[in-house]
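Two complexes follow with chain A in common, the first pairing it with chain B and the second with chain C.
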Partner chain A sequence: MSDERRSVAIHVPVLARVEGEGALDLRIDDGDISELRLRIFEPPRFFEKFLEGRHYAEIPDMVARICGICPVAYQVTAAQALEQLFGVELSPWARAMRRVFYCGEWIQSHSLHIHLLAAPDFFGCNNAIELAKIAPDEVRRGLRIQALGNALMDLFGARSVHPVGVRIGGFHGAPSLSRIQDMRDRLRDALPEAEALIRWAATIPMPQDDQAFVSVALRHPGDYAIERGGIAASDGLLIEAHDFDAHFAERHEPHSTALFSSYRGQPYLVGPLARLNLNHDRLPERIQALLAESGLALPSRNLFHSLVARAVEILLALQEALRLLEHYRLPDSPWVPVTPRAGIATGCTEAPRGLLWHRYEMDSDGCVVNARIVPPTSQNQARIEEDLRLSLLNFGLDHADEALRLHCEKVIRNYDPCISCATHFLRLNVER
Partner chain B sequence: MKPIRILGIGSPSGDDQAGWLTVDALLGTGVQARDRVIIDKLDRPGASLTTQMEDAAWLILIDAMQAGGDVGRIRHFGQQDWMQYGQGLSSHGFGVLDALALACALGSLPPRIDLYGIEIASADPGLPPDNRVREAAQRLARHLAAELEQAAPSH
Partner chain C sequence: MDAQTAVKPRVAVHKFSSCDGCQLALLNLGEDLLALAARVELVHFAEAGPLDPDTEVDIAFVEGSVSTPEDLERIQQVRRHSRMLIAIGACATSGGIQALRNGADGAEWVARIYSHPEAISSLAHSTPIASHVKVDFELWGCPVSGPQMLAVVNALLLGVTPRANADKVCTECKRQGYPCVMVSRGVACMGPVTRAGCGALCPGLGRDCYGCYGPAENANTDALATQFDHLGLEPQAIVHRFQSINSQAPVFLAAADKARMGCDE
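And now, the complex of A and B:
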């Protein structure tokens, strides 16, 4: 390797295999990184403004439109926040089915990311189509698992894209016993496939990249937290959703239409690896045994282990859905009545990509005065930039430009950033 | 015997219902009563389209398209038109051609595939489909019913 300290500028104008549109600018001067910016330029989407003045009954369907991949997360978080404010006690049936519904989203989103977005990077492929040529059985298995996740979303949401099943107080309808029986059979059949997926994921060679970071995820006393729990951090923090603003801050950066988040002034990680790091003791025994067999030591400081974490969470979601559907009965009513009240509603759940936080100020008619949504990708954005810096230094800046570009893309894709979800209204300053 | 699978692809947004309208019109002809004919409407299936086409002897896909032509124009695409396609940009943009290319790589393409596009004006949420798109869907349904009759006469 040459001792010459070179200068290079790398621009990735459009990041491939991520949700939405972003870009990366990297400048190396005299062998040091002088500029590194993950630019999110997808247009601001004004969703929080759209919600103002809307009646609470419209909110679940409106927020489902924020993302085509994780609509359930938005619906369930909004419902959780508003139900808490309105003093609604969900029936045990509705509470359990919310978790099942959410499991469907984890299954489809994680399988999509593993097989179509992330895995090609680790096999030297440009895309899933190339991967399918060298690992057809694994890709087929991934598509089957993804389709099952979609079917589970469709079961409770009437469709998997922007589902419409959730209402404040429960669900609009309850699936028939015969449909649930069919789903149970499919879930049972998928369990060995998901176990095989974990074993396969654990054998994929990953770069060794040891980094120190704070993991943030929901934590629940009994469950592996998905749709409920307090907000926990790997430094010992454990708070309720309404205390989010006391510990976490958002800021604008000029190069991004997504907000950047920080915890105690520092970047932090949300998502599957953060969840696994904090909550692996909540996994069922069978999955803990598979993890031990895989050799993955937790907590992990290597972000590339996110792919295995997604595989683990697919199996967890399949098991959870099956467990909760095992003694399924049709409810007397899939929802309970709701009486709105004025106040501040906050909610927090674990979207496939990580912590999702909502805050609504409601008036006494049940209409939104203002709304704030903090999605996982904006929480991860500062961490991605930090990771890119550290990871590039570990990788070595003397690599050829193409190798550096590929490494950066691999790091970014590893977070499964959902850029469409993360784009916010950007403040406009006019000087005259 | 493997089925003939006819899939109308779309969304509830305005002219993007072109594939669904065609399937509705086709159902009106009674072709679904034939053996081995499976007709479905799919709502933005993305990668799951790949699994939907498995085990079909003949796959007919109908989708909306914007190719700069007159609204209501129907185009037929053969395998040679999309075999080399392989963008794979993102799951947000994972469309019909990506699903076909992925199925091709997996060796799971049906032996016969007919892809039809109906030229649309716009796909605006909340708006009804353009009348020219409705007429095209009726026209294409009649064409498909005749093709099915020719390929496998009902009497």
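And now, the complex of A and C:
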């Protein structure tokens, strides 16, 4: 570029391969970023308002509708919060199967993101159908893994989008032993495929980036945290879900229908890379060895490692599901009875895209007085803006508009933003 | 081969206000997705990558409800560019779960959630696609399933009208031999008034149907509301049964209004 101090405008009406609708405004004046805003304009759907007055038994079916890609996260978080308030002790069977069910969603969502949304960028393809022409085996493998995740959700929920199996106190039904045996065979067969996926993901050339940020994720003393644990941050914070408000704040910016979250006044990262950064010591040995082999050093300060992180978590979820189904026995009852109680219920789990926090105030009849839901994408929103600013400067503002746009899209996709959850899709308007 | 490629039907998938779950009926097809891509030309499907919202297509699938001033204009555009428009899912056919706001004071809700309410662009009502433009076929369900979507695509590829099964969930439930949860356990099941298509998933797990496929044809909601009353449901609970995923479907809306009169007594 001959003139580095230019002022230019680029308008990209829609950014593809994210879940939902949003836009990016980028303005470059005299070779500097003067404005950078991630605008989420998914229409508000007011879930928190229409949950008011609803009976606790309706909540899992209603909150599932916040997101078609991660309904299990919403159902399990709500159930966990309410069960804790009602003093319900899940049976060991139900506790284990909630984790298996959740693993299904991680496998499905991560494989969808890697193969259909993120990977095409790194092969110069516009979409997965083009990618399937140059990497047919890899894309087909990805689609098979995604299908297995769906099948796992289907086992407990009868379908993978808005499953119908979760109830407060456990599950409505328990899958038969023969279906579990069949699932175990499929999970076993998928393990080498998932290992090959990690190796493939690690060979995809990624931009080099190095940014300082705080990672936030659940942490559990024994497990790689998915459906339980305290909230941890890379600066040493470790709190219970009910203390969330004391450390994290939400604010509304006029350019977005999703609320922005901050931790100690700063943006922070949630999601697969944050989890891996905080919890890699909780991974089984076999996966740690594969990680070492892949050359990924943790904690990582390069968000482009999110793709490998998702591949790692797919293998983890497959192994966990297999481990927990190994000695499967039909329970006497898949659920325990529940007696509602008035009070505040808070719950927190790791949705595929990161920390998901729910808070319900309940009355003594078991109906919602008010509800608050903090999804992962709104927590990442401020971090995405910060990352875009830093990584664009690192990438160089003198690149052609088209290259800048593609780089922005890659950065944004690292977060797998689910704008449906945060309120949904992106338009990029660059001015300089 | 080139001649065949040239006649592949052009397909668009548009999203309005929704959870993205019905698009997943396509994205979750697994390897069948690649087979589908070989039979049709996916010209616009933002979540999957192709972006060309204003191009002429043979079939437009529309997910989501109309809920913002911009949506009003956009749905007209989609209609103008599409030979066939197919509304998929509860949001597109009844306004969806977010239509629960239709009975509420939307402005007050915005003010309660957002500190800059003036920046939020949202219509007072969330409405189905057919409230705004001619819809050639409606596929009900929250969510629609992959097999349902493929059946529609296959019918269209063969040049026949897709078939709508507007019968009741009970018919699917009986065929599979599930014990009736209402008769055997007194559970307030919506199956008798709810459209078939899911395969009676909920009774299959021993629980109540909650109406996510919308009203069946000739749904006798009066009789079902009476049955719910006999089972001991309070009037408010009966209202909630009809006011959930498909609250603005006229049959469910009328049933809820009737039950609400019981709340006032």
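Structure notes:
Basically, the second predicted complex is superposed on the first by the 419 of 432 C-alpha atoms of A that agree within 3 Å, B and C clash if a C-alpha of one lies under 4 Å from a C-alpha of the other, contacts with A are read in each partner's own complex, and residues count from 1 in each chain.
Note that in this section a contact is a pair of C-beta atoms (placed from the backbone, for glycine too) under 8 Å apart; a residue touches a chain by one contact, two chains touch by 3 or more.
Predicted model, so just to flag it, every value in this text is computed and none were measured.
The superposed arrangement places chain B and chain C in clashing positions on chain A.
Looking at the shared chain after the overlay, A:Glu58 reaches chain C, while chain B stays out of its contact range. When both complexes are overlaid on chain A, the residue A:Phe50 reaches chain C alone and has no touch with chain B.
With both structures placed on the common chain, the touch criterion links A:Arg159 to chain B and to chain C.
Look at A:Leu143: by the touch rule set out above, it reaches both chain B and chain C.
In the superposed model, A:Glu227 makes contact with neither chain B nor chain C. Of the two partner chains, chain B and chain C are each touched by A:Asn127. Comparing chain B with chain C, the partner in contact with more residues of chain A is C.
After the shared chain A is superposed, the part of chain C among 62-70, 80-88, 116-124 or 224-232 that runs into chain B is 80-88, by C-alpha clashes. 14, 16-20, 68-69, 112, 116-117, 126-129, 132, 139-140, 143-144, 146-147, 150, 159-161, 420 are the residues of chain A that lie in the contact sets of both chain B and chain C, per the superposition on chain A.
Considering their complex, residues 11, 43-44, 46-48, 50-51, 86-92, 94, 98, 101-102, 104-108 of chain B touch chain A. Taken in their complex, chain C has these residues touching chain A: 15, 17-25, 27-28, 30-31, 33-34, 37, 42, 46-51, 53, 67-68, 71, 96-98, 100-101, 104, 106, 109-110, 112-116, 118-122, 126, 142-143, 145, 198, 201-202, 204-207, 210, 212, 236-237, 240, 244-245. On chain A, the positions that touch chain B within their shared complex are 14, 16-20, 68-69, 112-113, 116-117, 126-130, 132-133, 136, 139-140, 143-144, 146-147, 150, 159-161, 420. Taken in their complex, chain A has these residues touching chain C: 14, 16-21, 41-50, 53-55, 58, 61-62, 65-69, 71, 108, 112, 116-117, 120, 126-129, 132, 139-140, 143-144, 146-147, 150, 158-162, 164-165, 167, 171-173, 251-255, 257, 259, 418, 420, 424-425.
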